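Across the two complexes that follow, subunit A remains constant while its partner is subunit B and subsequently subunit C.
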Partner chain A sequence: MFKKILFATSATAASDHAARVAFNIARSYQSALNIFHVLGVPSRGYSQVVVDVKTKERVDVDEDYLAWVNEDIKTYYAKYLDERLHYTIDVAVGLPAREILRQAKKLTPDLIVIGGSTGDEDETVYKKSSAGTTLQKVAKASHCPVLVVNRPAASFWGGLSNIVFGTDFSKTSEKAFDFAMKVAKALDCEMHVFHALDISPLHGGRMLSQDEIEQQIREATRKIRALYGARLKELSHYSMDVWEGIPYVEIVKYARDKHADLLIMAHHSRKLPSQDIRMGGNVEQVIVRAGCPVISINK
Partner chain B sequence: MPEGKFCNKKPVDTAEGITQLLSDTSGNTYYKEMKELTVDSDLLWKTIQNTCKSRIRTWLEICAHCGMCAESCFLYQVNGRDPKQVPAYKIQSTLGKIIQKKGKVDNAFMRHAMEVAWSQCTCCNRCGMYCPHGIDTGIMFGYLRGLLYQQGFVPWELKIGAGMHRVYNAQMDVTDADFVDTFEWMVEEYEEDYPGLTVPVDKEGADIMYTVNAREVKHYPEDLAEAAVLFHMAGENWTVPSKGWEETSLAMFAGDWAACKIQVESVYAAMERLKPKRMIGTECGHAHRATVIEGPYWAGRKDGLPPVESIHYVEWLAEALNTGKLKIDPSKRIKELVTLQDSCNYIRNQGLKQATRDIMKHIVEPGYFVEMSPNKEHNYCCGGGGGFNGIGLYRKQRNIALIKKRDQILATGAKLVLAPCHNCWDAIRDLEEEYDIGIRWSFLKPVIIKMLDIPDHLKPEE
Partner chain C sequence: MKKKILVIDDDLNVRDYLVSLFKDNGYDVSIAGDVKEGLTVAKKNIPDLITLDIEMPGEWGPRFYRQLAQDPELKNIPVIVISGLSGHQYAVVKAVASLSKPFDREELLKIVNDTLN
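Moving on, here comes the complex of A and B:
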């Protein structure tokens, strides 16, 4: 479990929560950690000049500069880095999402850890010309699970013991369940399987009666049992629940209620949301709001 | 003869040489050394006698100094109408002087000529349309660049760029294996959304052989996937060559004539090997000029044509939309004011204005397309053409050059600019960075993919 971790970082405060989690997992599970930073976006012309996302300066990217950035990252994370941690640092130039995926293709990690979205970086001219955030693009195309830490509150981590798996009964959810089982077994965790019944009139087009709601809850519970019940018995502690409400709110509430230290969900939006809808899907909403790290699984 | 370690008359033609040159940050030492570089006047004059043919000699001779070219030059307009920015003056005071003095010019003169050749002319050829004699200063500057390159007076980035073509047959250090690997990777990533998507490599006798810009492979590989998606959706029988896939030519901007020939011959070899019915290049202006328009002459082809019929991407796109191979969902058409950047290299210089207008008709809701003024063959350069975008030494001048395009865009009121050319795309991006006018810009491929009416059998399973 988690033999190789790719930690994609801006090496700024925006990635600090993710950093804490990434270093924590790497240390706890003796993982090889690759700290990966994309320093800037090159032009489509052939200028050697790149605007450094950290310093906001125009720089000539050459060997010296790359070495300097590498050293800078080492200094930034100095408190985490010691001899017991197996880490490497790589620095690249390009569009962050693409370069993270390229690095993942090269390293084939078991897990990608990525910080949440940052406010100011989105205002650069580079972002304006490409829809979707780095996180959305990586989550969509990644072959391995992607762990996201968006809020500081989500970054506390004392090892894994309590997993919430949110399902929408989709095909991708099955894969996410397989992964959740794998983690739970390997690390001896409790697992809580959860489905949120969407009762917002926006979703269904009308208000549901209480009888209908309860009927649907019973159906969903039966479905959870049928789909996951047998395999859950392989674990010593588990539970299954269905709550009604706005799905992402219910999942976040449920995770809090269960003192979850990890949320696992499927990410199966086919298309990237358009530029205007920044964090469109349910998973994205959970990521933004959750009080623990969220792993999204696509393939 | 003080030839520098970095700045000298020898082209770079090894990977080590390129790495070494790149290690000289911003070309600081390179430009310092340039001040000591000796001019080989004998070689210069001999070259002129061998290569400066009657057209250029006549042009220099018959120029009546009437000044009609002045207003036609956007650089003249944005630089306070300085008489030194009049095209006729610019070329007469550089190339004209070198010929007049039979090559006996000094180092300071050559450095000045370099500055004029790369920061006061983008080879947009607009002045040629307004000259009563049809004198095309842009063409003459292209020639002057060749003379300057031979003597080692060339901007640092372009010496590197031309070297890349010599070493990699591409404008960047992207190998043939990198190209195929990246294309396959991208297709694999998009295959989920577009079932059956493939990239046929080295398929003989295909209807289309597609060539690209190495930048796409290196930094923007989504472009490759998007090209594959559109060919797939149009049901085309297409292929990419595993060798000879790079359509661009920084060697052309640099004036490295020998590298121009090497580069274009690599593409022609692919055409001859795979025997496609047609070659189509990506959304790039200068690449088309280099490979399709000028290339045949560099390669010494007597008919002045590439080995197979070669068309620009916008021609294919217009054809696919006009014939219904690609269908647009009318409800997804652009419904905001949008303008179009006409690339000098294939609009003014090859006359493809109708193709892009046809595309606009398909993808923009009637009433929302606003032309720039002037437009089509009269449009101004983006401000970064001919190599200007990439040269650090002339960044300041380049940023001033962007003012014309900025004002043209602002006058349209559009917040979205379609720019089917890498150079234009980049200049427009830079002008947003520099002047912050609140616009968005895009190539055609991503815009069209979003509004396709996909046939049922090509849709992914839900």
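Moving on, here comes the complex of A and C:
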């Protein structure tokens, strides 16, 4: 299923949860794992002086330094690395999102695994200025599915067997459903298809009556059955549900209720984030809040 | 009648320590080394409380909790997570407590006593 995985890491605590999941998947499914670290951004143009994301120090990047960083990553992940794991380590200099996408283009992985900010007080340069936006940019522009592990809670499942697929009935959701079905069949997973009906006044412009809400739930339930019902019968365990509320809250609640170990959703927005909004739409909010890894499908 | 505690942990030393600790404090204790065994023991000898490790060979602790929560007979049994993994307090949302290894025995006993009595 996941033959090639690209694990983009800051090799700091911010990526520890993603590392747990990335190494676990790679080991479980005998994947080739590329551990990829962008060590920093050149201080000026094509300068070789780089602000290291881990130490925040300005360093001269030469082959010796790159070799040292490579060894440092090996040491950092020593407990995961053994002869049964097929891994490579690559280090690059540049803007993290751009370099991760460049590496993905080169390796054509089946999956990119990336972590998020831990949100604690220990703010490295990586977390402070680029982790959130790196995650957003990669999720929005990647040609392959992106698995995000933002919270520690998302990293303790030790495998994939119970998928929640969140749909908004869009075209991209159809692609995401195809992928979810592929994973569910290959790994013999349960699948729960879920739609969250947005009833916030901000969304519709007015407060819906309970009759209207229940009518919309019935319509959405019919739509779920029509779109996905026939194909879901290919799986041994599945369910379809519609809940009303604030979509990202309901999706996170539903996944928790189902004890999901993977959430799959479509990521539509092709717009890059503005500087002042770190996490915007429903997918980003789900990524930040979910208690399991989230796979975002873009294309 | 003595209250029953099920200890699920793959580390023999931790298991032995917890067994002694709970027995010395008047509890009946059963043990399991992994998720599968834990479920078998729990179904056979319904415990009043379970201590659960997170990272174990095969399936991990949250998967045990998922199966526990789906079993009508077992779903209300309180679970205490005891783990050495960082961030373990987020692993099982409905756990009554989550303790880091090495844990404080008095703190654990207080939580167990408060939960069971």
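To be clear about the criterion, the second predicted complex is superposed on the first by the 279 of 299 C-alpha atoms of A that agree within 3 Å, B and C clash if a C-alpha of one lies under 4 Å from a C-alpha of the other, contacts with A are read in each partner's own complex, and residues count from 1 in each chain.
Simple rule for what comes next: contacts are C-beta pairs under 8 Å (C-beta built on N, C-alpha and C of every residue); 3 or more make two chains touch, one makes a residue touch a chain.
Bear in mind the structure is a predicted one, so any value in this text is a computation, not a measurement.
Asks: Using the superposition on chain A described above, determine whether A:105 touches subunit B (first), subunit C (second), both, or neither.
Replies: The first partner, subunit B, only.
Asks: Quick one: is A:60 in contact with subunit B, with subunit C, with both, or with neither? Answer first, second, both or neither.
Replies: first
Asks: Contacts for A:21 in the overlay, against subunit B (first) and subunit C (second): which applies, first, second, both or neither?
Replies: Once the two structures are laid over each other on A, A:21 reaches no partner at all.
Asks: Between subunit C and subunit B, which one touches more residues of subunit A when both complexes sit on the common chain A?
Replies: Touching more of subunit A: B.
Asks: Have a look at where A:114 lands relative to subunit B and subunit C in the superposition and call it first, second, both or neither.
Replies: A:114: touches no partner chain.
Asks: Look at A:240 in the shared chain and tell me whether it touches subunit B only, subunit C only, both, or neither; answer first, second, both or neither.
Replies: Neither partner.
Asks: Show which residues of subunit A lie in contact with subunit C when the two form their complex.
Replies: Per the touch definition, subunit A meets subunit C at residues 13, 16-17, 151-153, 155-159, 161-162, 256, 259, 261, 291.
Asks: Okay, in this complex, where on subunit A does subunit B touch?
Replies: Spelled out, the residues of subunit A in touch with subunit B are 41-49, 51, 60, 62-65, 93-95, 98, 101, 105, 125-126, 128-129, 141, 270-271.
Asks: Of all residues in subunit C, which touch subunit A in the complex?
Replies: Answer in residue numbers: 54-55, 59-63, 65-66, 69-70, 85-88, 90-91, 93.
Asks: Going by the contact rule set out above, which residues of subunit B touch subunit A in the complex?
Replies: Touching subunit A: residues 22-23, 25-26, 157, 160-161, 171-172, 185, 189, 192-193, 213, 215, 218-222, 250, 384, 389-392, 395, 422-423, 425-427, 429-430, 432-433, 440-442, 460 of subunit B.
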